[in-house]
Every structure is written in C-alpha cells, then in structure tokens.
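There are two complexes below, and they share chain A, which is joined by chain B in the first and by chain C in the second.
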Partner chain A sequence: MNRINPRKALLGIAAPVLALLVAFLITSLLLVLFGDPVGEVWKTILSWPRPRQLVQIINEATVLYLSAIAVAVGFRMNIFNIGVDGQYRVAAFAGALFAGQAWFPGPLNVLLTLIVAMAAGGFWAWIAAYLKVKRGVSEVISTIMLNAIATGVVQWLLLKVAVKQPGSNTISTEPIPESSQLEGLALIPGATNKVYTLIVLAVAVGFAYWFVLGKTRFGFDLRATGQSESAAVASGVKVPRMVVTTIVASGALAGLIGMPLLFGQDHSYGTTFQAGLGFAGIGIALLGRNHPIGIGLAALLWAFLNIQSNALQIQAGVATEVVNIIQGTIIFAVVVAYELIRRADVRLEQQRVARELANAGQGTPAQEGAPA
Partner chain B sequence: MCPISASAPAPSPSPVQGDDFAVELEGITKRFPGVVANKDIGFKVRRGTVHAIVGENGAGKSTLMKILYGVQRPDEGSIRVDGKEVNLHSPSDAIAVGIGMVFQHFQLADNFTVLENVTLGAEKLHGIGDAARTKIREISDSYGLDIDPDALVADLGVGARQRIEILKVLYRNARIIILDEPTAVLVPQEVEELFDNLRGLKAEGLTVLFISHKLDEVLSVADSVTVIRRGTTIDTVDPKSVNARQLAELMVGSQLPTPETEESTVTDKVVLRTEDIVLAGGAATRNVLDGISLTIRAGEVLGIAGVEGNGQAELVEVIMGMREPTSGLVFLHDKDISDWHVREIREAGVAYIPEDRHRHALLLEAPLWENRVLGHQTEEPNAKGGLINAAGAKADTERIVRDYDVRTPSIHVKAASLSGGNQQKLIVGREMSHQPKVLVAAHPTRGVDVGAQASIWDIIRTARRDGLAVLLISADLEELIGLSDTIHVILRGRLTGTFDPDTVTAEDLGAAMTGATGHEPGGDVDQPSADASAHPGAAPSADPGADPSVKPSDSKDAR
Partner chain C sequence: MKEHPLRHATKLAAVIATAALGLSACGSSDPDPGTTTGSTGTNTAAAGEKLVVGIAYGVGGRGDQSFNASAAVGLDKAKAELGAEFKEATQVNGEAQSATEERLQQFVDAGATHVIGVGFAYAKAIGKVAKDNPDVAFAIVDDASPDSTAPNVANLVFAEEQGSFLVGAAAALKSKTNTVGFVGGVGVDLIKKFEAGYKAGAEAGKAGTVVKSQYLSQPPDFSGFNDPAKGKTAAEGLFQGGADVVYHAAGGSGSGVFTAAKAANGLAIGVDSDQALTAAPDVRDIILTSMVKKVDVAVFDFLKNGSEGTDLTGVKTYDLKAGGVDYATTGGNVDDIKAKLDELKAQIVAGTITVPTK
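On to the complex of A and B.
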C-alpha cells in the first residue's frame, strides 16, 4: 500500500527542473542585456569539472549540506532560523579555541570539539528560543540581530585570544595540534586534494535527520507542530518546549557546519574562515524541500555553481558574482513553483478522491467503507 | 410552519408576471478535472421572494453560489439577472449587477465601528464620513435593521453582526442577496428576527437566496425551495406543499431511517467532575468561566447549551488541559487531573472531538494514517517506545475506515481531500479507538452531511450504552435535546439552568441561552434579553414532528 505515487514523483521533479530552466533563462537574458558573452558563461559553468574541482565541489557541498539541514530542522516546524550563520561562526570559534588547547589526544579532541561546537551553536540559538517562548519575540528578528551580535562577539574575543599567523596579516586562534587534524579521504582518483574526512559527519547528520523526523514520536510531534500548531496543542504536544528544543537542535546542528573546515582545511578560526554559509543553507533547504536527499542534491548543485564560477573571470571575462544571480533566481523560481505545485497537488488529490468515490459508488451501490 | 408574515407581499406562486425573474440559471455545469461539481443546474428565482436552496454538504451548493457570486466561472450554461444575460468574472462583476453575498463566517473587523466596516472597500460610494453615516442610517431604517453606524463591532452580538453584513451588501446596492447558512450561528429567537428582516427585504422588492440545510427554517421563511443533490437540481418545490421529511428525502434521495428509541443508561458512577472552575478574563472584564461545577456519570450524556462565546470553548479547553484555569479542579474518577497536561489526560481515557476540526483535530496536508496517530502519539498501536509504529497505525486506520464508513480511496490521501463528514467520521473513529472513559464532544456534527450526522449520533449512543460519559456541546438544540440525559445552559461563563431533555423545548432553551428567563436569580440580563423576549415561542423548530430526520433521537420517549 505504501507505493510510490507516480503523479507525486513527477510533480516533485518538475518543480526544481522548471526552476532551473527559469533561472537559466533569466540569467541569459540579463547577460545578453548587458552585452556579456552568454555562450562563454554557460560553457564555463556547465563544463565537466576536473578531479581537483570535483573534490572542491564535494567539500563545499558537505559544509552546505550541514547548514541546510540545520535550517531544515526549523523549517519542518515552521521556524525560520535565519541565525544559522551566527550560530555556526560562534560555534566554529568556540570549537577552534577548544581544539587549539590540545587538552585531549587526537581523535578524542576531535570528538569533544564537535560537542563543544554543538553546545556553543545550541546556546546561541537558545537565546532566540528563550526570547520567542518567554517574550514572544519573532525568531526571525532575534536571529538576525544575533547574527550581527555574533560577528561582534567573535571578533572581540578573537582579538583577545588570537595568535598572529607568521608572515601574514591575518589573525586566528591557536592552530589545532597535528594529531587532531584530519587529512581527508582520497575519494576522487586523479585529484591531488582530498575530500574532508568529516563528510561522514554530514552523512550521519543526514541520516539522523531522516530518522528522528520521520520515524520517532518526537519527530511526529515536531512535524505536527509545523503543520498545525493548534492541532498539535490539542493532540498533547507541549508547544513551547517543542519550540525551544527545535531551535536549540537547529543551532547545535549549525554548530557542526564549521567543523569540516576546521579539521580538514583551516585548522584554526581566523578572519579568513569561510562566512555566509548559514544564508546559503536557507536557500538550499528550500530547494531541497527539507528532504535529506533533496538537500543533498541541492547542496551539490550549489557547490557546483560556486566552484565552476571561479573560472568565469578568466575564461569569459565576466564577474564570478553572476553565479549569485543564478542562485537567487533559482530560489525565487523554486519557491514559487513549490507553492504552485503544493496547491495543485492538494486540488488534484481532492478531485481524484471525489472521482474514485463517485466511481466506486456507481459500481457497487451498497458498498460501505473504502475500496482498496 | 410559520405562515409568512402579513407585511410581506403575497409570494403568490401563481404566475402573475411570468417573466419577472431576478435570477435565472440554465444548464449550469462546472467540471473540475474528473469531477462534475455542478451539472445542468437550472432554476429561476422570482423577484421579491425568498428562495431557498437546500442540499446535503457536498451536494454542490457552495460551488453554485461561487458561480453566482463570480468567484468561479461555469463551464456551460447561462446566468440571467433581471432578464439580461451576464458574464461574471469576479465578485466585483457580481456586485455590479446587484448580487451581494453574506458569508457564513462574518468578515468584520472587531475593532472598527459599523461605519468603518461598511465603508471598507466601498469608500468611493459615499465616502467615509457623514454621507456614508446618513446612508447607513437610511438603509438601517428602511429595512428595520436597527444598526447604529457608530457602534463598535466588538460590542455587538452575533445577530447584530449578521445584520451589519446584510447592510454592507445593501450599501453596495445589491438587489439580490445570497445568504450562506445564515442561521448556523444564531439562537432560535435571533433566527426569527433574521427572518423578519428577510421579509422586510422582500417587501422592498429585494430578492433573497437562502442556503441552508435546516429544513424547518427553510420551510418557514422561503417562498420557494430548490433541492440540490449530487450537483444537480432535483426539484423546485412550494414549501406549502411539502413537509420537512419529504424535503429531507428529496435531499438525500432515499427513505430516511427512523431513530430507535432507547432507555436511559445513566449509572451512579461519577466519571468526570469539575469543581468550581473559574477562568478570569482580561483586566476589568468579567470571568470567562465563573464557578462551573458539573458531574458526568458513566452512561450519561451531559449537554451544554449556550450561545457561542459564552465560555463553552474555554470550558472544553480547561477540561482537556489546554488551558490553565484561574481556580477550580477537574476530577477523572477520583483522580485530580487539574494539573495534568493534555497528553496525560488523553492517555487516561478522555477522548476529544474538537469544535473546529481543521484547526484542532487534523493535519490537513498529512495522510489519513498520520491523522490517525495525531492525539494518540504515545499509544498503541501508533507507537512502540519512542518510535512511531507506522505499520500498526496504518493497519488500524484501515480498520477505522472500514468500521466507521470513512469514504476514501486510500489511507494515504491527505485529510484535506475528504469531505467534512468523512473527516469527522475518521476523527470520531480515532477517538473511540482507545477505550475512552469520557468523550468531550464539541459540535460533533457541525458541517457534516445528514448521513454522517446520523452515524455519529449512533456512535455516541452506542458508546453511552457501554458506559461512556459524554460532555456534549452543541449549537444544534435538536441534537442536544435528542442525545442528552441532562442539559445545562451556559450563559456568560456560568451554568444558569438545568433542563430535562424529556420536557424542554428548543424555545425554552433558546430563551435560557439568551438570559431571557428567570433561571438565573438576579442575573445581569442585558441586551440580548430584550431581543429574545420580543418573539416568544417563535422559534423556527416549533413543529417537533416536522423534522424527524434531522433530529438525533427521540430516545427519551421511552423513559
């Protein structure tokens, strides 16, 4: 009975494909309008990546995936955690600071750092949760503010604890000991660089997300609250507690975003640590429809566009920022498309049910109950 | 049946001016892919009459009204207004040809005055100042609506709000007024007032289209009745020539079952008891609930009658643990459950049918089997430890669908895809599936079709026989009288009277509900009472024999 509905699957694929096409068209139009070489741009972006870039794409996607999952947890409950950006920076800083102390040996240090980062991200998110539950402050507003505050706090604390990198102007936390650095996995043949070891973390998080939300009572309560808060209350969900748990969980997951970077690439938190991952996560979660696999595909697409656009300036003489236009239009198009499809889906199903019942009624007039 | 009041022009069915029709529908067909919502609908509405359209829920009344009001366009057929063929693309087109609609759910801003509400969106007509005020007074006077343009809507009762809605439509120069289930929210006395207003409109030459499924009301006010079944017009009849039962049979399309009689099953075992529940309102307002003490025994149905907004909803929320009372206790058997949370209360065997199933009982975009889990997330067969037992829940949903006759092609469709009656049967089935000891049922048959209504009544009656204690809150007085063993009236948060359903009439209840009788010693009876007492005994359901079909039971006859 648990069959896959072909109509639903088709609708599900149609939306993102349509959104991509729309983004493609709009971007092309803009390029033509401003006299840029359309063909060159697409040739550069859509060329098959070389092994080295393939690794970069996978690594970028790993980080983006974690970010999008953190956002998606909130989305499933109708909570808009815009603060993932601030949460991951606070957490990355706290994690880097902790790991840099080398209080524990190699792998244990990594494991404990993950916990510290989750705690830091969770704490930063909890502020917004507290304000929402106790003071009725919209999490959208408070998390945006907390992003700004996070920037200030991290900067301020970084100056207090920073060590100067030899031969450069950048400052950062104490680098983590070599025994705790993760050199990566050689997954792509022919590439000199390696895939982050913590890609396994992303996979584990994705699996946990699927399992907890889809299979547990907690996940059911969370989704029920997201679909209808009033119905959740009447069904016995303690909504305020749920709000706090969800926001803190979202923040804790956000805390993991910086970890692949920290252990696999930067080895410290400094002024050059990659920023803006939290906002990208919002778009990717939308594009991936909060589905663990959908988000994976969306993260790969995002990373693909990011990495492929690096060559735009050289090969096509066009600013790499064109890729932001593409990504932006994809999001717009996809949000519109999903909403249209959701409505169409509800309507089509209502009609299908009415039709099937009408047919059943004619076939066997005295039938009671549901036809199989 | 009430005779048409003398003030109205004779609604002579004799074809005086044969072509004097306000609205003529011909061959209206509306298809949605695969489904025909309306097919070949045709009827004519004579100018200056009240024309009722009756049909079960889902029969296609609302699609038809949407077509008439320009919300949807028919695939085939023609609409003629005042003899001229019209093409309605939007509600503003409908307003332009003089069609206005009063929705079942009022569309008024509470914190606005009447004037502001009426002029909102129609500022171009008479401005928003004195000209508009004068116009409102003029309309109010000429149709006897008794509305003060400067009153704040928040201070007005349901009946007055409905008159504002009518006034809004008149203000926009409507000559044809569609009323969608206008009496659903009114007590009998208010219904009679509304009907007086309708007769007033008619007297001024306006045409009223009146949608309802309360047949006795239709028979008392309409000059002509069109019956719709399965999307098509079955017949247009003269209300003088049919009775409610015949009309109901036209609606349903078959002979109606007669409810069986039943013995009282009340035992002396107290199951649910509340003690002096008080729920404070905001500062400087009266208590929402004021000293509610009630006792429900095993096998007893305790009915609560009251005009909506007198504390029923809050009482239910307090009992279900959704709201913390200011003071007072709730006992289940001998256990004090006042501090329990909703989930604990439900696990302890309190089943709950909320008044608004879309808001409180369903996840509309979730499949049926997930809706079967809702409210019982921690209980067998839905859960195993901390996990949801999807297989168990699905199997049990199949059982509910079968046993409770939920019409659906599958348990994987969204709850939103089912009709209201089938949604409600699923909810009732779910709530009865956990050996409940108490059932808290708020308006259990609101907005469901006659068939589903009868089966829900049956379920409640059967459960009562098996020793279930039921708290029944309903605006349908016939339902209350038919099902209850005891009826309490709630007025402004207080239980103001107790009635024996064997002897009480809907009019008595209606009077008590508005505070018009002496059941409340020294009660602060104010505005509604004057309205209510103006029409003693004029409630629409005056003829108890007229409508056996839509009455839950005549069970008390046997006692």
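On to the complex of A and C.
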C-alpha cells in the first residue's frame, strides 16, 4: 500500500480534474439558463489576482486549511465532526476574551491564547465525544445540535462581556493589546496588505497531522479503527478511548481556525467575525482526500474562488453566490469521480489478479468447484 | 457487498457540505443584476465633477423595500439629475472583514470617485479603505463611531428619536387603552434611540400613557431585522397585553407586526419608508403613520455636494429641521391630530423640546 503505484497516482489526479471540468460545465449551463453573462463570469473568476488579492487568497486558504485538517482528523477514523463550525466559534470567543485581558505580555499572550482556544474547542467537541461513548448518540446529530447551542451561548456571553464604543452599533470583546497583535508577513511584493503571521501555525499543524497519523502508533491505531473497528479491537485498541481522543483532537484543532483572524485581522471577537468556516472545511477535506498536501491544494482552490468572487457583482453584475454553486458542484462531482475511479481501480486490479492466476494455475483445476 | 463505512461517511459529508453551500446561496438575495450598471452620462446636468459612484448595500440589498431600498432611491435620483454613473454590490451574511473591505476597494479600482456604505456593518471597512484611498470621497449611513472616522468620510446619521417622538405622540393620541407598544428589531443603540424618542413622544401626546417594549433579538444575532414570524409573535403579545397601537423599528420583521395588528383590530406604525405605500396591500389600512427616515435624501445630498466639488465630510445629522426624518400622513389616519403633531414638530425644530436618545 505504501509503494507508489503510477496507475493509482494518475487515477488520483484524474478525479479532481474531472470534478473541476464537470463543475465548470454545470455552472456554465446554469448561467446560460438564467441569462447571466457566462463569459464575463469566467473572465472575472479566472483573471490573475492583483498582489493584494493574492495575499487575501493565502490568508483565506490558511484559515480554511486549519478547518479542513480539523475535519480530516475525524474522517480518518470514520468520525464525522460537523461540529467544527461551533467549536471554532466557541474557541475564537474564548481566545479573544482571554487575549483581550492582556494578562501576559506580547508573544506569550499569543501562545497562551492558542492553548486556551484549543482547550475551548476541545471541550466543546468532548461533549459530543462523551455522548457518543457513554450514551451512543451519533456524533453527526450531537455536533449539529452543539453548533446551534454554540451560537446561543457565544451570543449570550458576548453580550455580557462586550465593550461598547460610543456611536457604534457593532459589539465585540475587548480588543487584544497592540503588543500581541501580529502585523503579518510581507511575502507578496507590491501588496499593501500582509500574510497572516499564523500561516506558520497552519504549516505546523499540517506537518503534525502528517507525522502523527502516518508515523506513530497512535496514528496507526486511529486509522485502523476507522478501517475496521473489529480488527482494531482484536489488535488491542481501546476503541472508546480512541473515539474520545480523536473527537477532542479534532475540536482542539478546530479551536485554532479563528486564531489567524483574531491576531492578524479582527483583533477581537464580535459581530463582524467570519462565520461558516467549519462547513467549508468539510468540503475541502473531501476534495483533498484527507491528505495534508491535497487539503492544502483544495484550500487554495477554495480561497481562490472565494476571493475572485468578490469582483463578480461589480465586474460582471452577477451575485457572488455563483461561487457557492461552483463549489457545491465540485464537491458532488469529486465524490462521484472518486467512487467511479475506485471502482475502475478495483476492476483493473481484479483483471490483473485473474490474469496472473490464469497464467499460474494452468495445470491445476479450480480447487473449490471440485466436490460433487 | 456490505458497504464500507468510511465511504458512507464520505457521501454523507458531501451532502452536508453541499447543503451548507446551497443554503448560504439561498439565504442571500439576488443583487438585481439588471440595474447594476448606471447611465452612461447622457444627461450630465451639472457642469461639475463627473460622478462615478460605488454603493455597497447591507444584507438584503436594493430589493429589501425598506432601508437599502431607500438608499437606492437616492442613488437613482442622482443618476437622473446629476448624471452619476454607478456600480452596486451587496453584503453577504457572515463574510470576512477582508471581503467587506475588498468590496469597497474594488469600487475604487473600478474608478469610483464616491463610495457609499449603507449600514453600520460597513463602519470598520469604510474607516480602513478611506485611509488607504485619500483621494476618494466616502460616506457611511448610520454610523458615526471612531471606526469609520477619517478626513474623507461623511458620516450620514439621522435623528431617529425626533421622528419617533412624533409617531409616539400620534400613538398616544389615538390609543383608547392608554397603552401603546414598541417592537425593536435588534437591541442595539440605534434601535434604542427609536424607543427613547417614542416613549418621550407618547408622554407628550398624552401624559400617563404606558409604553410596552419588546426586542426580537440581541446582537450579535441580527435576525430580528428580518424575521416576520418573530415580529408577529411579539406584536401579538403586546396587543394581548392591552396595547392598541404598536410601532415597529424592525426592518423586514415589520410585516409580521402589521399582520398581528390587523388580526387584533389594532393599529401599527411603520418605519424607514412610508409603509402605508410599501407594505402588503391588505394591511395598509391599519398603518396609522410611519416614521420616515430619508436615507435617499442623505445619499442624494452627499452625491450632489460631490458633483459640485465640495465633498461632505464628518458627521452630518439629518434631523426634523433638515427634513431627514418625519411622520407620514398617507391614508389620512392622522388627519384629526395633525395640528397637534405639527405643533410638537415646530417645537422640536425650534429647540424648545429636546428629545432624549436613550
């Protein structure tokens, strides 16, 4: 399984390319049906971004990458954490609240906030883990519910702690002190804005994900449980404990999603904090096939589409939501394509085995059909 | 063959991820692409500066029949009278701060000389983009906080409490139970200003009038501005509690308030637009009056000044005196008390009555 198989590699690339083509065709068809300017839409989306927009794409991808990795950790064990959305909002609020107190100086404040956010996200996910292990509640149901509860809880707490600015109608937590705000990295020449400093966090998380899942005993147990629970039990894996650990780890990673936004852009948690990142992560993890690099590419594609869509209303006179259609079609198409390619792969493999068997077993008749 | 559980999870995941995208697409309204490009300047009336306007609406956009629509009216007037060219875009719910800023920056990239943000959600973005583009004139409706303050920004705000005072007086004068109601969309300072003016007005209309208030949601939940079902439930409660006139400052939730008023044989007071003209036809007869907030006047004023080469900057308050707020007389329901209302109006304009804002 570990050897690189050229056929597998080719089929692996074929699926996303196929999905993109299908998405392109279906979206074009819809645009034509609704009488929107197809050419203008694609010209706007596919035009090369300005330096400023390149930075935005990288920043958006950073956040989406963290979200998708959080989802992927669960996927690898066949656990479906839809609660990433609620977990990251709870964690971003807790982190912003903690950082805003300025109990610690500069970078130490940043570091401790990351830990607080991971703890908050992990705790929110643990509720679902507890319900699954002790009460047999499907994590799909409980995490959806917990998303709604997160909305209410964060809203209620935000009202309690919000600082008010005279004349303003937006509310937020106390802004984090300037010494803890991360100014960003000037990676793209000619851009007025900067790449989030915490892109290093995303890279570190991606590396840790690859290492822990691929190279450690824990990662092996996790994947084994996902592939076959009974086999995992037989080889001595304590499945309930693995379930709790995995869900909590997924939630803790979800806790990091809001951190680049908090330190690099918003500097507080409030009514204008970006929403819906957890759901985007599900699609990106699927598209990236839970692979650390695949997810990175998928996150970049998603971010590219999101940022390029900003110009749609102004340049092409078409609603930004066209991009949601493209993204939705990509997800559906890619799942179908992966399945088709998996079947093709199985068929090719069966043919190969059959051929080899036929060659090897020329003299001996099939053992099974023998008895009367 | 028994299906592998992992693949099953993948399919479920695909369905949910796609549904999430689909729902977000449904939730936002079409920005009305038909009207996105403005006139080509065939009727450039004024000899002044050529106006290229970028207008960024709040969630709901040009078609919300209320707040954003009012801004669009001002824009259309500027197109007709000043020959302004314009481009429009609408905010997406829950978008990143960077996307809000990018929208404004793209107007500038597309050659806009004047950029308008409709609604306080644009406050931070206007402040930042205005600082990056000192040669472009910016305006924001409904915000005068430090967030949006810059040398090239006009903060267009309204004295909603003054208009609310007048409709409060009208409500008290018309009430037979001496009890009137208020439905606020979201519990933000802006809406509390409506409530404060309304309460003071009710007291001025008829001393001892009881005002009962109800808010539909609290920030950061802004659903109260767009949830007719909640508006209906809240208004039903107020009518059952003895109120016979209910004023709403709840944007799109107001239609529910009208429905409840109709069912309870009560009266309702509209907001922002003259709702006896814009509401559903079957409830128009129960609309006593409306607190008209002339966003169109402010938008047109900003653009007119721009076309004359003297851009507005700083806080510009549109009050009763400036004709920025008023009560509506459509339907003739307030004809009998008009004299009294105009007397109060004159006193506010003259400064003998100061209306509280909180």
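Operating definition for what follows: the second predicted complex is superposed on the first by the 346 of 372 C-alpha atoms of A that agree within 3 Å, B and C clash if a C-alpha of one lies under 4 Å from a C-alpha of the other, contacts with A are read in each partner's own complex, and residues count from 1 in each chain.
As a convention for this text, a residue touches a chain if its C-beta (ideal position, glycine included) is under 8 Å from a C-beta of that chain, and two chains touch if they have at least 3 such contacts.
Quantities reported herein were computed from a predicted structural model and do not represent experimental measurements.
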A:L21 touches, of chain B and chain C: first, second, both or neither? neither
Chain A residues touched by each partner, larger count belonging to chain B or chain C: C
First (chain B), second (chain C), both or neither touched by A:Q56: second
Partner chain(s) touched by A:L340 [first = chain B, second = chain C, both, neither]: neither
Contacts of A:G270 with chain B and chain C, given as first, second, both or neither: second
Touching partner for A:A234 - first (chain B), second (chain C), both, neither: first
Partner chain in contact with A:D221 - chain B first, chain C second, else both or neither: first
Contacts on chain A seen with chain B and repeated with chain C across the two complexes: 227
For the chain A and chain B complex, residues of the former touching the latter: 1-2, 5, 215-221, 223-224, 227-228, 230-231, 233-238, 342, 346-358, 360, 368-371
Residues of chain C touching chain A in the complex: 5-7, 9-14, 16-18, 20-22, 24-25, 28, 30-31, 33, 36-37, 54, 87-90, 92-100, 102-103, 105-107, 109-110, 120-121, 123-124, 132, 142-147, 188-190, 218-222
Contacting residues of chain A [partner chain C, same complex]: 36, 50, 52-53, 56, 59-60, 75, 78, 80, 82, 140, 151, 154-155, 158-159, 162, 164-171, 192-193, 226-227, 261, 265-266, 270-276, 279-280, 282-283, 285-286, 306-307, 310-311, 313-315, 317-321, 324-325, 327-328, 331-332, 335, 338-339
Interfacial residue positions of chain B with respect to chain A in the complex: 32-35, 320, 322, 341-347, 352, 354, 356, 359-366, 370, 373-378, 383, 386-388, 390, 394, 398, 401-403, 405-414, 416-418
